[in-house]
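Next, two complexes with chain A in common: one pairs it with chain B, the other with chain C.
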Partner chain A sequence: MHRYPRWPIHLTLLGVSFVMLVPFYWVLKTSVSGENIFAYPPSVIPKNPHLFYYVDVWYYIPFARYFLNSVIVSFLCVAANVVFNAMAGYALTRGFAGKSLVLMLFLSCMMVPFQATIIPAYLMTGRLGLLDSHLGLALPQMSTIVCIFVFKASFDAVPRSLIDAAKIDGLSEWRIVWRVMMPLAKAAIATNVILGFIWSWNNFLWPLIVTRSADMQTLPLGLARFLSYQEDTTGALYAFCIMVLAPGILLFLLAQKEFIRGLTSGATKG
Partner chain B sequence: MSAAATHPEAPGRPRLLARKRVRQTMLVWCFLLPSLAIFLIYRVIPLGWNFVLSFQDWSPMRPARWAGLDHYEEMFFHDEVFWTACWNTLIFMASAPLAIAMALGLALLVNADIRGRDVYRTIIFISYPLMTVAVAIIWRWMFDERVGLINYVAREAGLVDRPIPFLNSFTWALPSVIAANIWQMLGFYMIILLTGLQNIPQNLYEAAAIDGAAARHRFRRITLPLLKPSLFLCFVIGMLNSFTSFDLVYVMTGGGPARATELLVTYIYKLSFVQTKFDYAAAVTVFFFVLLIVVAWGANRLSGGNAGAVEAD
Partner chain C sequence: MSDEDPDGPLWRRLLLNRFVLVPGAIAAAILAWNIYVASHDNGIVEGLVVDPKGEPVAGASVALWVLNFTTYVEHAHTRTSADGRFRFDGNASHNIQLAAEKPGVGRSARVPVRLYFKAQDATLSEPLRLAGG
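On to the complex of A and B.
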């Protein structure tokens, strides 16, 4: 089927790509020049680009602190997701009394978006004494149902005879999960890591509610706060924006296939 | 089928077997425990608590009193902001089909056998996994009244005489936020539809071509019907997205000007964590949740069955 001409397709896609990329360029340009914050008309190509705004960010805000908080919370989320979801996913491959009840509970929990529970979730976190702590920030996202099912599907594909062989060799259930199942579920682990990371790294609403002190702010919070203090008066805001976006874009480009597979399998996150 | 029953080393020693089975069951529940605890603490109990709270008069540092349906009465009959937020949420949701139609077009284009299609896919998808707060700041800047790129282009092209204050205008604020949302979601819809397209067997098209079916007939009779599950998945995502979009609105407009972009989520957040009217916010949340379930159920009925099921077990 090579009869249709190609150039209209390329033209359309180039146009769309342009629309997708221009906002990045515009912000990048402002972050290295800051020139059109006060001046009209804006220049399309930056004159005298400089990196002073990137330096400013370090003076205006504790960027390293925000970054560290984000890393700690994301790490807690990712590690907990892999371990807890793998355990639950393995349990669901077994037959046991009450399994259908658990499955029903999981499937109905998927219908409850986090936004529908924020008030009691906040009060609950307060009762647990976890407000304004890394653990409190991470806890609600430490296990996700979609990811449990990703692990379950992956474990279901492991042949039964392999597990039986491991049992005859005297491995405990715990070791079967870690030594036999996990190495065979690399794709599921990658999906868990990526989803856990994206959901915690980008999360804004929950940190906004739970965080009290400036020391506990994560990157999205710091960005929003910086905006409310400075409005659009400084190029440093856009430099900050680029500094926040760059690691994400880099990670995405490095592991594109895994990202896309992970995100599509976690499409209907509850 | 129980795992213990098929266990290879199951000789006729019933007591040992029974003990083993109990141990296995215990182990399974231990494995489930962390996840179950998290879902209990953050999904099940909050949902019930929220429901109870919506019938109470309560604020921190004050004992709870029974309020009956007071909050619901206030919400339905005396709260105009609530209705604005509902309406805006529905408009936000109505933008999803538009985005999905565009994504379908793009999916067909990047599915074509052309050079550099992987690059196009990457470029169109890349905005999706990025931090929404940063995306919101980017689009605030694009929509800026004085020096935003959009106003600049519109003025240079002679489309407008005076710059439009997109995010400060009653008419333009919501469409602007929706445009930014579509920009972020478009690539995701496209990838889902692309996966659906790639799962359609090629020989169907070949057979149709041999039978002399025109391209548009092939699209109507083969592509669309077989793409239905992917399209439905997109609608579900779009619906969830419209109910849960908080970051974009909060950062771009804060719900303003004068509630023109207030969504149910942002309203719930403001009621509870700015005005500390937790009890009233709980009532709005109950309505929010019921509305979500009704819409999801309706969509599922329309799609004709369990297209939304994640796992067939």
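On to the complex of A and C.
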């Protein structure tokens, strides 16, 4: 039995959900109706909805090519994030000389905005010969400090005795990470996958700088290019937004349980 | 069924979970769509031309415009048969307009026709109605 009635909090949550979902609904509604967003009075229900704006987007720009580029870059980022962040997170659970310094360095580096590191990142990518390539697009986001700490929090929750037992059984550190720790860190993996995917999928500034050919552009750049092509494309523009947003939303919905668990793991440890 | 049932066989746990089923369903839908597109992309556009009374008009000239980025350009012409029907072959666009004309009978308004993919086979649901002759 609940001590307090629960309807006030449900009512509040409903209100908050409504406020957060209305913009998404409005984008979706405009993408199938093409109604002017400044029309007054605004219509809540779309008039004569159709999917032809999505067809227009598909043919106005090389959407499939941009989509493929975004998928490749996001896949590289996600795979690298899971591998590198797990290795770094495991290292931070072990004791070594200068560990506090490394932790302080990581935390302080989180305060440096990406914009401040763009020039050295560009020069390094250029020296590696990776400009205008998928690997070059993914490179700066192949490991993120936030996600390293997600793995660290997850690995910290694994009993020390389990690692000791694995060592007694003769497992190397490398195999301990992949055979013992990773199966126990599914929530952290899901969090890394979702965050790595969304950050790389939505990234605009780095692809804008590092790409030179139109064939290497990603979806956010395609959106900017689309805006420069067309003037009166309210419906098509919103359809494009939906097509860019849909994979990220789908991935989040698929893994939201693990995502929330991954973000909150370690938060309630005593 | 729960995708986290620890007692189920391995293949079931690997295959019957939302991370496989949802992308699999999307892939199946894409495959089905592409099969449909491949079997309906002959570029055939058909329709009927009628006079103000609704009678079929033979020998009317029908023009097809296709969208050229921002404007429509005239792409093809044909004439209606004795029963007032017309047919275009080889339309490669997804955004077209049609209009009919016959001296002495009149001309129709230019009718936009939106297609779901390039060269989709289409039959006009409403006839092109000549007026003002």
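The rule we apply is simple: the second predicted complex is superposed on the first by the 195 of 270 C-alpha atoms of A that agree within 3 Å, B and C clash if a C-alpha of one lies under 4 Å from a C-alpha of the other, contacts with A are read in each partner's own complex, and residues count from 1 in each chain.
Basically, contacts are C-beta pairs under 8 Å (C-beta built on N, C-alpha and C of every residue); 3 or more make two chains touch, one makes a residue touch a chain.
This is a predicted model, so every value here is computed, not measured.
When both complexes are overlaid on chain A, the residue A:Pro42 reaches chain B alone and has no touch with chain C.
Contacts of A:Val55 after superposition: chain C is touched, whereas chain B is not reached.
Contacts of A:Leu250 after superposition: chain C is touched, whereas chain B is not reached. Touched residues of chain A, counted separately for chain B and chain C, are more numerous for B. Touching of chain A by both chain B and chain C, each in its own complex, is seen for no residue at all. Chain C meets chain A in the complex at residues 18-19, 22, 70, 94-95, 114-118.
Those residues of chain B whose C-beta lies close enough to touch chain A in the complex are 1-3, 7-9, 24-25, 27-29, 31-32, 34-36, 38-39, 41-47, 49-50, 53, 106, 109-110, 112-114, 120, 122-134, 137-142, 144, 146-147, 149, 152, 156, 183, 186-188, 191-192, 195, 205, 209, 233, 236-237, 240, 243-244, 246-247, 250-251, 265, 268-269, 272-273, 278, 281-282, 285, 288-289, 292-293, 296, 308, 310-311, 313. Contact residues on chain A toward chain B in their complex (touch as defined above): 1-2, 6, 9-10, 12-13, 16-17, 19-24, 26-27, 30, 36-37, 39-42, 80, 83-85, 87-88, 90-92, 94-97, 102-103, 105-107, 109-124, 128, 139-140, 142-143, 145-146, 148-149, 152-153, 164, 167-168, 173, 177, 198, 201-202, 204-205, 208-209, 219-220, 223-224, 227, 232, 237-238, 241, 244-245, 248-249, 252-253, 256, 259-260, 263-264, 267-269. The part of chain A that touches chain C in the complex is made up of residues 50-52, 55-56, 59, 230, 250, 254-255.
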